[in-house]
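Shared chain: subunit A. Partners: subunit B in the first complex, subunit C in the second.
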Partner chain A sequence: MILGLEYAFMRHAVFAGSAIALVSAPMGYFVLLRRQAFAAHALSHVGFAGAAGAILLSLSPYLGLFAFTLASAVGLALLGSRVGERDVGIGMVLMFALGLGVLFLNLYTANAAAAIGILFGSIVGISSTQMWLSAGVALGVLVVLALIYRPLRLASLDQDAARGRGVPVGALGVVFVLLLALAVSISVPVIGALLIFSLLIGPPAAARVLARSVEGGLLLAALIGLAETWGGIAASYYIGYPASTWIAGISFLIYLLAAWGGPRLRPRAAR
Partner chain B sequence: MTKWAIEAHALGCRLGARPVFSQLDLAVPRGALVGVLGPNGAGKTTLLRCLLGLARRTEGRLEVLGRDPGAVRASIGYVSQGEPPEMSLHLSAVASVAAAFQGERWGFPLHRRRERNHALEALEAAEAGALAQRPLGELSGGQRQRVRIAQALVNAPQLLLLDEPLASLDQGGQQAVLRLAKRLCLDRGITVLMSAHDLNPLLEYIDLVLYMANGQGRLGSVDDVVREDVLSALYGLPMRATRVDGRIFVHPDRGFIPELTDCCPHCEGCK
Partner chain C sequence: MRASRRILALFLFLLVARGAQAAPIAVVAAESTYGEIAQAIGGPYVAVRSIIASPRIDPHLFEAMPSVAVAVARAQVVVMNGLGYDAWMQKLLLASPNPRRQVVVAADLASNLIMSDRNPHVFYDLRVALITAARLAAVFAGLDPAHAAQFRANLAAFSQQLLPVYGQIEAIIAAHPNLAVTGTEPVFGYMLRTLGYRAVNRRVQQNVMNDTQPSPQEVVAFERSLRTHAVGLFVYNAQVQSPLTQRLTALAREAHIPVVGVAEFAPPGLPYPQWQLATLRLLAAALNGVRP
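Up next is the complex of A and B:
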């Protein structure tokens, strides 16, 4: 069978990877529109600290992930929305959380592999519980995203216009960061805290260069994300080396191609 | 339907502890083009936000389109001052206008065709039909201003609030935006409030002028308001309105306009 789908671990990898790619693409597209890449980066590292703490207490890493990312999402949301003050606040939260992360690792030296797994992901080591949890959370995030889609789109493109139409811009921002925390939490154990951008930012960044409409960008980002995930898993299976490396590499390559080729591909007439 | 688009009596507004303006009487008939003038910090932006229900009216009475402000937001188009920092330069003009179509409604837009058609119509109305497919990043400042006006037109507003739409446009660009605003008043019966810093380009287009200074404001025809006695009372110092070749220059009796931005009769600093 292709891709070694006869093995359970490969089926889990493909299924969970696809779910994460599908939720990361639209979330990442909005992250780019809203210029919150730094918040996404910080949430993944905060998630790492949470997971390390949970492992220390012999709990499921997911407990620590959700607890830490959601709590810091609330904190970030309270910090305000101006990009300048926001970035300082994110930096502070990130610093504090990573300090805790180092402490947790220091206290728990017995299993360094678990920490490496969280930092760099272990897509081929996913249990079926983990797979269903990822898929469920991904679906939930997508449903809520669809429900708030129109006001979120307007608020992300033009805050003042959105306020003028009565959109609760502040509350939407909080909901969005909470959704981001959930999406990041399921991505961290699979793709890795350090490699979170390969699915969250890479595909939407490439799609944004190529697509001229928001919906086109979302669709293209999802397709690119899926292609990267499947391509990475396949390359890892047939050639070797970690799947995370492949996914990050393919993500980088697609972005380069899009950034270089995108402006040249566009029909002359449309310029 | 009342005859008045905006009716205010002894309207006052404060931001925090700072009174921005007070005792403002307004009666703007439907379909009028009103120029809102005044020095920096006079409260032009605050007044427009007050009409949208975004800045809280703290005293007096205010009716917009015959209703409470805030209740009629769906019928108001608003273009804020300056370009929104969130603006996504990759999107086409039509996509960014489409995002504003019923942007306050929840859910995912299932009728993308309809959304797009409304956006194209609005772009036509804003004389920016030819720009529809171009990415915002490739438009000039004046062209982008038109796209933002189209965004405000996409929900068929009865009242259009344009906050300094002429800033950073050359003479030709200013005339074009003014002609467009005038046409919207005449053809569609839309009431337009446009804040500006220079009265002269507006002279041949506006029906009424609202002059704001020193925490006060006066609405009326140009001949009734831009007079030395009225302006002197507004500014609280002897003002001159010199007419040369059909142009009007407002200046203090002697020398330059003093710094009025942080000074008003009510606040602590001036006592």
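Up next is the complex of A and C:
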């Protein structure tokens, strides 16, 4: 059968990978519109620290991931909205969490292989529980995102205009970062804390260059994300080398092509 | 395209159907140590694939690729270390559920022999190796009853081959009893326990194994134990090295403390008893002051 789908682990990889690609594309698109890439980066690393702590306590790494990312999402949201002070705040949270991560690894008496594995993910080692958890959380995030889509779009494109129309910009920001924390938490064990951008930032960045409207961009980002995930898993299956490497490489290549070809194709592309 | 795929599928089906009668038992070993043991017990009636077999791989940090996951999905028997040493294998087993596959976990079979700090390197305990071999003989006999007598005979031969290893251990204990030992990693811990040696500076060793930094006080105590000859033997992990471990190894050599390098798993093709014997001979040579 194509793509090794006769194997349970490949079905899990394709299904969970697709769910993560589909939730990462729109979330990442808004991350770019709102200039919150650093927050996304920080959340994934905070998630690593949380997972390391949970494994130390013999708990599911997901428990630590969700607890740490959601808690820091609240912290980040309260740190203020101006880009300058926001980045300093994110840096502080990131620094503190990674310090804890090193401490957790240091406290292991047995060995830390499970925690180190979180850094690079394990797309061929997804259990069916993990697959359904990823798909369920992804669906939940997408539903909430759809519900707040219109005000969030306005607040992300033009904060002042949104405020003028009575949109609760601050509350929306908190909800968005919480959703981002959930999306990051399901991505980290699969694609890896260090490689989270290959689905969260790569596809939306390429789509943004090519698309004229936000809606078109969201759709294109989702398609690119799916293509990268399937292409990466297929290349890893047929050729070898880790799937994460392939996905990140394809993501980089598509962005380069879009950045080079996009302005030539569409001189008045929406920015 | 589609037709050719169908022919291929048919071919594969025939291959599998034919294999159900005559093919050797498909065994996947997480590390070559267990692959060697499985090969010794199963002989020509098993086809063993050892996933981690290159001495350049740090087994603690190994990440699996699809080809490995396919091998695990197809395996009839999986043999692994346990205790988180091969956590990646645990993930692959969960990702490819198969109720008929038999999983042999060395550390779980020998749970009463596990050190209190849960040191995962159980393969340096000869009893763990023998218990694993015995379990494999029973599993193989269940899957291939026609050759059960052969598996029993191979197990008896395996346990015979361990006797010279015990002999070497006794010779080392008699010549160099009751040493305090330190090292870069706890990899040799179970053999040191068998030898009756006392492991010191364990915290540093655990932190090196887990790729985190030991605290300065711990490193200071470690270096002092080398300089003051509070330890009589220094063991380093020949497979996993860092600037810190290289510096400590150099310090031990400067202080003229016997230094011996040990590996995380058997070199492919070297049977388990011979591997243990070779390591112990290196140890004896170092303790006797013979520079290799």
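In this section, the second predicted complex is superposed on the first by the 263 of 271 C-alpha atoms of A that agree within 3 Å, B and C clash if a C-alpha of one lies under 4 Å from a C-alpha of the other, contacts with A are read in each partner's own complex, and residues count from 1 in each chain.
Just so it is clear, a contact is a pair of C-beta atoms (placed from the backbone, for glycine too) under 8 Å apart; a residue touches a chain by one contact, two chains touch by 3 or more.
If you're wondering where the values come from, they're calculated on a predicted model, not measured in any experiment.
By the touch criterion stated above, A:Val74 is placed in contact with neither subunit B nor subunit C. Using the contact criterion defined above for the overlaid structures, shared-chain residue A:Val102 touches subunit C, although it does not reach subunit B.
Of the two partner chains, neither subunit B nor subunit C is touched by A:Leu257.
Of the two partner chains placed around the shared chain by superposition, subunit B is the only one that A:Arg212 touches, whereas subunit C remains out of contact. After overlaying the two complexes on the shared chain, residue contacts for A:Leu57 are found with neither subunit B nor subunit C.
Applying the stated contact rule after C-alpha superposition, one finds that A:Ser236 touches subunit C and leaves subunit B untouched.
When the shared chain is aligned, subunit C comes close enough to touch A:Ala114, but subunit B does not. Once the two complexes are overlaid on the shared chain, A:Gly164 sits against subunit B while remaining clear of subunit C. On the subunit C side of its complex with subunit A, the touching residues are 9, 60-70, 72-73, 83-88, 91-92, 94-97, 117-120, 206-207, 209-213.
Interface residues of subunit A, counted against subunit B in their complex, comprise 33-35, 83, 146-151, 153-154, 156-167, 208-209, 211-215, 217, 270-271. Across the complex, subunit A meets subunit C through its residues 1, 4, 7-10, 12-13, 102, 105-106, 108-114, 116-117, 120, 122, 124-128, 130, 233, 236-237, 240-243. Of all residues in subunit B, only 52-54, 70, 73-74, 76, 78-80, 84-88, 90-92, 94-96, 98-100, 102-109, 112, 133-135, 138, 151-152, 155, 161 touch subunit A in the complex they form.
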